[in-house]
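Supplied in structure tokens, the structure appears directly below.
Note that the chains take the letters A, B and C in the order they are written out, and that residue 1 is the start of every chain.
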């Protein structure tokens, strides 16, 4: 469980997050949505201790962000940041192997190697394992990055807009894999998404943000409504129900 | 594949050393060998410290163009030395044992480097050209301030500075060499032990934090090591502007991996081959008196320009 | 603002007349004929030389920034200055008895060639990377400088070269500086073409569109810069950074209208170099610190401030 209490944050002198109080239950996929500048990426970066806390408290299970040991947290929580230009000379296998670093610190054991192979298999990367990153397409590289995050074997996986450079096939593929991770492997996934439809289709819980504050928090069907779209995004798009899912008519 | 190449490089280095020691030697073998051995050790120490400092520096700046010399590190060394003589006075300085002189200056360099480059890298590390430009201006600034202080220093003290500033390969005395060897050895061991952490650090700040590493701590430790290594090489031979860039760029062609367990030895070997082999060719084969450093700097400068112009705009 | 600058310049100039190893006081001027001679032979020529060099270097820097369309370049450090030094070196090597006129012409030619080389390189650089242009300029100048040092080292002329590469005014006497009046003339002429240069600064397309003869104006600008640089190097030596920092400072305060800012640039350049020269004479009195060294420090610090301080457009 991730608990956030009384979080405030300023960036370059401008208020970015205000009075964030949030509890994210373990298990399942939680999507963070909201317009540009709402503070979603900042919130995710703060949880993952990529930026130092200014005011407030964040607990990941029993670990307190800012007070706990860095590598203890690395075995509990992993983040896939928005931009990563990892060294292009790495092969896919080498990149994914880095995900095991918090466990072996440079001396991989047989078990570490097994987990790497498992990660490669889960993400269909086995045929690409020996290829260098700079010979892959954007989508393939993204998959490799996610595989590395998966190999880190953490209870919590945070992703910051991972679908940005992916086409529809790759996007759906990634979201299905994340769903599988949440259901079968019992991970907690927190994902910032730009496209509400993906959030509506795959997320168990949705948190909507605007101007640094949380406006809505609940199941997808409850949150994604005409009223929410108007209030949070300032747009008059209509929400339709198709079977079990809600879909926004863009 | 790459470990094999390292063995080939080692063999090539062995050949260069043998030729350097043996070629064209006439007369008393005992004397010749011990004389050349001293110079050889100096060459090797300089080679390895420059290459290691460059590899480490390129890891924390996350690019393959910046080196400590480009950023003005060795000009800073001369500056701290000048300031030291200026503040202590030439008399007091010469009265210190040579080892103390070296150590005090190295500590001063470390402090200045951490303050200057630590701040600079933390604030603007992603804008590469601004960094390089700043480095070049720094180097020019340090040299101008040194030149300025040299004019202000009493002419007698100035002579002390000249005498002390740099040994050249011809005049390397054993106590300093021993100290240099110890320091370099210590720094190399520390760098080697850091090799896995360095690999993680080169993935980028965010990835490194994600994997449980602390980029700030890493940068601090690397700057300390780089300061030690730059002190050693500059005290032994003076500033070598582009040696680091030249040998590391060549090493990256021979062993195109980012893992430090390969890059550190690879760059060290290439550097040693360049200096020992280059000096051997110049001295023995061509019998020229052109300092090796000039040729290295010209080649390295060209490499620098090519790397700059080839860079894809981000 | 122009008036304030002019007054400041006058004050500094007068101060400069009275600073030096030999004591010179206002009263002595009227009573002691030796004092008057000192003024005429040494102090006044020196002051005039500083004023002209400072102003002309600043102006040539502004012009080059228009030609290259980049704010962080100047002739002294982007190859033109080193090219001039190379010319002088070659004359000294191959025709040591040649007159100063020959030196001047050859230095101008080599400076011109070096400057043209730089412009050619800049054409190939991506315009979206302004700092890259500045960087390449510094490196190009550095390489040329290293070449000059190398040749000088081989020809055992290193000491001479060090003198040219580090500008100073201590050797300026009546009869030894008159070339600088030519520099002043060229710099003044560029003022007449200020509008043309400003248009060049907007780019080739804009220039042609406005009916300007692009190529010809570029050549004239380059020629002016080369002459100013070469003559300054011949007479006084290399003074780095003046042409770079002064136009930038003036632009931040007075905008980009070249016709308006050029006189201000000249006055600021003159004043700044004069200040550094006076400091150089005073700091280690009675020894002199060359203005090239003083400005090496001051100019570098100003450059760093421009690079890292409050943001402004770079190109």
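Worth pointing out:
The rule is short, and it goes like this: contacts are C-beta pairs under 8 Å (C-beta built on N, C-alpha and C of every residue); 3 or more make two chains touch, one makes a residue touch a chain.
Because the structure is predicted, anything quoted here is derived from the model rather than measured.
Of all chains, A has its CA centroid at the greatest distance from the CA centroid of subunit C. By the count of C-beta pairs in contact, the leading chain pair is B-C. Taking the mean of all protein C-alpha atoms as the reference point, the chain centroid lying nearest to it belongs to B. The distance from the centre of subunit A to the centre of subunit C, each centre being the mean of the chain's C-alpha atoms, comes to 57 Å.
Separating the CA-averaged centres of subunit B and subunit C is a span of 35 Å.
Each chain gets one centre point, the mean of its Cα atoms, and the points for subunit A and subunit B are 42 Å apart. Not a single residue position of subunit C touches two or more of the other chains.
Of all residues in subunit B, those touching subunit C in their complex are 124, 127, 129-130, 132-134, 136-138, 140-141, 143-145, 147-148, 151-152, 294, 297-298, 301, 304-305, 308-309, 313. Against subunit B, in their complex, subunit A makes its touches with residues 48-50, 70-75, 78-79, 81, 84-87, 89-90, 98-99, 101-102, 105-107, 149, 152. Those residues of subunit C whose C-beta lies close enough to touch subunit B in the complex are 72, 124-126, 128-129, 131-132, 134-136, 138-139, 142-143, 146, 150, 166, 240, 283-284, 287, 289-290, 293-294, 296-297, 300-301, 303-304, 307-308. Chain contact summary for the complex, subunit B toward subunit A: residues 195-197, 199-200, 202-204, 206-207, 209-214, 256-258.
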